[in-house]
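Right, I'll just put the structure down here and ask away after.
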C-alpha cells in the first residue's frame, strides 16, 4: 500500500485484497482470480465441443454456476469496496467484468445469450497485471508508442490495400466468374485480401490462365506490400531504440549546431565548451 | 481561398466549391462526394450478388441512374468551372471521373460495358483529399520516396524472382506431371510463385517425394527471399527516419502551400519571409 | 589438446577421441559419428514409409540393430572415459544420447516405444560442433542475445496474439457454425491462429459473408502483427550490429571512458591525446 | 571497346558485336538476342500446354528449329571470335548456352531429352546485361554483400529450421497418422516446413485436437522464425546504408585518411584544420 489509509474498516481490507497487487493477500487474490478466469474460458471452450457437452452436460453446468457465483461475489465486492463505484462500472474492465458475469443469468431470460460468454476472454488481459505489471506494460507501451507514431502511415497503407483489393477484386470477378468460386464482387474482394496477405486458403482459386496471371501479380504485390508495415514498425522501433540510448552512453556523442565564435565552425559536442577546430572558448 | 480573385462570377463560386478543400462549402462538397463514391462502389458490389440482383433489380437500377446523373452533373461542373478544361479531362483523375460516369449510358449501346464500373473504385483515392490531405500525402510521399529510392533493388529482386520461378516451375512440370495439377509449364510457374510468396492455395500440390523435396527448397528459398524486400524498404525508411529526426536538420525543410504574390511560385519554407524564386516579401 | 594430461591411459585416449574436436582422431570421430546420426535419422524416416518398410523390413531391422549397437558402444565409452559420469548422464546431450540408444531394446518390452526414435533428431544438433563450432555458436549466440533482449516484448506479443485468437475464435464459432468446419471453439481458435499467421490451410474456411468479413479483418490484423516480431528482432540485431562495428572503421569514432586529468571531462576519442574540453594533454 | 585491338579482321568485328555492349551494334545484338531468348522460353512454355501442342505442333516445331539454328550460329560465333574458347565453353554462361542449344538435336537420339529445354530459362539472366548492367549489378552486389555478410547466421538459421522440422515432423507423424495425410515421416517433415514457412497448402492438415495444438505451436514458432532472416538481412542492409550516408549530415562526422604533418596521426574530421592529437595545423 503506497498511501496511508487512516480508517481501516472491512471495506478497506477488501479494497486492499482486490485492487492492490503489492500486498501478499492482493498477490494471492490476483493469481487465484486469474486461475478462475482461465478455468472459466476453458469451460466455455469445452461446452462448445459437442461430445463433451453431451456426455458431461451436468458437470459443466454445475461448474459454470460455481464460476458465475464466484464472479458475482467478486463483482459485488469490487463495487462495494471502491470509492467511486460508477466510475468502475462504466470503465473498460468494469463492463467486461459485468458481461463476463451475467450470461448464465440471462440464459434463463433470452435463448442464445451465451454468445456473451466470449467476452470472458477479455478478462485474460489481467495476465499483464500479474506478470510484473509495470515492466510488461512498459514494454507494451513502447510497442504502443511505435504503433501510434506510425499510425498515419499505417492508415494510408490500409486504405491503399483496401482500394487495391476493391479494384483487383472487381477485375477478378469479371475475369474468373462463378465456376472458380468468384460468385460476387464481395467474395472476389475477400479472395483478393486472402491472396494479398499471403494467407491463401485455396477454397477459391483462379482457374483461367489470365486469372492466374493476375493472381501472380497480386501475390508479387502482396510480397512487396508485406514489406511496408514491417518496415514502418521496424524503423519506428529502431528509432526509439536509438533515441532511448542513454545520453551518457559512451559510444554515442551528440553533435549540435552551435557555431564557434572564433572560427565559425559547426558540429561541436553538446557539452563541449571549447571549439574542436581552433580551441577557443564556445 | 489563399489568393484573391477579383471576378466573383458563378463559375468561380462553383470552382471554389469543387476544387477548394479549405472553404466550408468545399469541405462539405468533398465529404458528400466521397459518400456518393462509396455508395456507388457498394452499389456495384450489391449488383454482383445474384440473389440481391434478382430480388431488388429495379431498386438497384434506379439508384444506379441517380448516381450516374449526379456524377454527370459533377463532371460537367468540373469542366465548366476550370480554366484549362482539356488539362483536367486528360489528367489521371479526369479520365477516372469520365469512365466512372459513362458505363450506364454505354450499357444501352454495348452489352458488357459494365466492366467499366470497376473503375469507380479508383475514385476512392479521394479519401486522401478529405482526411487532412497534405499530411497524409506527406506520409504517403515518404513511403513513395522509400519505394523510389529502392526501385533499382526491387527491379533486380523481381527479375530474380521471375527467373527462379521460370526455372523451378519448368523443373516441377517435368517432375510432377498432370496428376498433381502441374498440367503445363505456365501453370507450374504459377504454382511456383504461389509457393515462393508463401500464399499456398493447395489447389496444386506436389505428390511425389522428389516434387515435395523441391517444393521444400522453394519454400525455404521463399522464406529467405521474403526477407529481401522487407530489408530494402525497412533500411530505406530507417535512413529517412534518421535523416528527418532533428528539427534543425538541413535536409528537412517544412514546405507549405503558400503562393508567392509576385511570381506565383509555391513550395516555400514554413519560416520563409521572402520568395525563394523572385526574392519579394511573402 | 589444450591442457597437458600427464597420465596417458586408454581412458584418456578414448576421452581425447570422443570429447576433443581439435586432434585429428577427434575430428574423424566427430565426422563419423555425425554420419552415423544422419544415417540413423534417415533409417527412422525410411521405416515410416509403408512400402519400403514392407519390402525391406529385414534389411532395415538389421541396420537399426547395427546403429543401436554402435550408439551403445559410444554411450558406454562416453560414460567410462569422463571423470564425472553422472554429470554427463543427466546433461541435455547425455539424456538425448541415452534416449537415442534405447528404443530398440525397449521395443522388446513395450510396444510403441519406437516413438522415442524421434529423439534421435536432436543428435543432429552436433552439426554445430563439426562446422567450426565456436564461430557458429558465436553467431548463434548473437541471435540468442537478440532474442533474449527482446524476450519481454515477445512474451507480451505472444499473450496478445493468444488473447486475440481466443476472442476472435469464439466470435467466429458463433458466426460460422458447423457447416464451414468451425465445429467447436478450440477448432475455431486453431483456425484463427492458422489465419493470423497467414498459413491458411483452407481445411476450414468461412462461407457466410459476415464470417468472411471478420476473416478479412483477422488477415489484415495478422498482416500488421507479423510486422511486430520482425521489427523487434530486426531493431535488436541492428542495435547489436551497430554496437560491434569494426574498431578500425574510418567513419566510426570510438569514445572511451578516459577522464581528462585537468578538467575531469569524459568522452574522449580512444586515441585522443588532448582533451576536447580544455585542450590539456591527456 | 576499352583496349585498342590492332588487327581488325572479321573475327574482331564479330567479337565486338557479341561481347561488347557499348557499341551500337553490340547493343542491338544484345537486345535482339534477349528477345530471341524470351521467345525461346515462351516456346517451351507453349509446347507444354496440351491443347496448343496438339493444334499447332508443326508450327511450334518449325519455330523451335529456327531458334535452335540461331542459337547454334550464336554459339559457334562465340567460340570462334573469342581468344580462349575453352575458358568460355566451360564457364557458367558457356555451359548454359551449350545446353540451351542442343536439346532438339538430342531429341533425335534420346527420348525425353527435352527436359534440358528448362535450362534455357537461365539465359534470361542476360537481362541484367541489357538494363544498364553495371548499375543493376552494383545494386545486386550490394544485396549480395548483405547476403554474404550474413551467410554464417543464415546457415545456423537453416540448420536450426531443418532440425526443428525433423523433430516436429516425426512427432506429428506419431500423433496424426495416416487419415490426416501424415503417411510417413518424410511427408510429415514436408508438412512441417509447409507450415513453418506459412505456405500452408492444406493438402495435409491435422485433424486431432493434439495435432492441431502442435500445429498451432509450429505456426507461432514459424511466425517468430520468419522474423530472423528478415532481421538479419535488414540489419545488414541498414548497416551498409548507414555507412554510405550523406556527406553533409550534421549528426555524422566524417573521418578521412589525411595524415597530420607533425605527428602523422590519421583519422581527422573531414573539415578539421587542427590535429586532434597534437593541435598543429593540418
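By letter and in written order, the chains are A, B, C and D; residue numbering begins at 1 in each of them.
FYI, a residue touches a chain if its C-beta (ideal position, glycine included) is under 8 Å from a C-beta of that chain, and two chains touch if they have at least 3 such contacts.
Just so we're clear, the structure is a prediction, and the values are computed from it rather than from any experiment.
A.B. asks: Could you pull out the chain whose C-alpha mean position is farthest off from that of subunit D?
C.D. replies: Chain centre farthest from subunit D's centre: A.
A.B. asks: Interface check for copies subunit A and subunit B. Shared numbers divided by all numbers used: above half gives same, below half gives different; which is it?
C.D. replies: different
A.B. asks: Between subunit B and subunit C, what is the separation of their C-alpha centroids in Å?
C.D. replies: Distance between chain centres, rounded to whole Å: 42 Å.
A.B. asks: How many Å are there between the centre of subunit A and the centre of subunit C, using C-alpha atoms for each centre?
C.D. replies: About 28 Å separates the centre of subunit A from that of subunit C.
A.B. asks: Could you state the distance in Å from the CA-based centre of subunit B to that of subunit D?
C.D. replies: Using C-alpha averages as centres, the distance is 31 Å.
A.B. asks: Hey, what residues on subunit A touch two or more of the other chains?
C.D. replies: In subunit A, 186, 198-202, 226, 230, 232, 234, 236, 238, 242, 257, 276, 279 touch at least two other chains.
A.B. asks: Subunit D touches which residues of subunit B in the complex?
C.D. replies: Interface residues on the subunit B side: 152-153, 155-157, 159, 162-163, 166-167, 170-171, 173-174, 183-186, 188-189, 195, 198-202, 205, 209, 212-213, 215-216, 219-220, 222-224, 226-228, 230-232, 234-236, 238-239, 242-243, 245-246, 248-251.
A.B. asks: Quick one: in the complex, what on subunit A touches subunit D?
C.D. replies: Result: residues 198-202, 230, 234, 238, 255, 257, 263, 265-267, 276-279 of subunit A touch subunit D.
A.B. asks: Across the complex, what residues on subunit D touch subunit B?
C.D. replies: Answer in residue numbers: 41, 44-45, 48-50, 115, 117-118, 121-122, 124-125, 127-128, 131, 135-136, 139-140, 142-143, 146, 154, 158, 161, 186-187, 190, 193-194, 197-203, 226, 229-230, 232-234, 236-238, 240-242, 245-246, 248-251.
A.B. asks: Report the residues of subunit D in contact with subunit A in the complex, numbered from low to high.
C.D. replies: Within the complex, subunit D touches subunit A at residues 198-202, 230, 234, 238, 250-251, 253, 269, 271-274, 276, 279.
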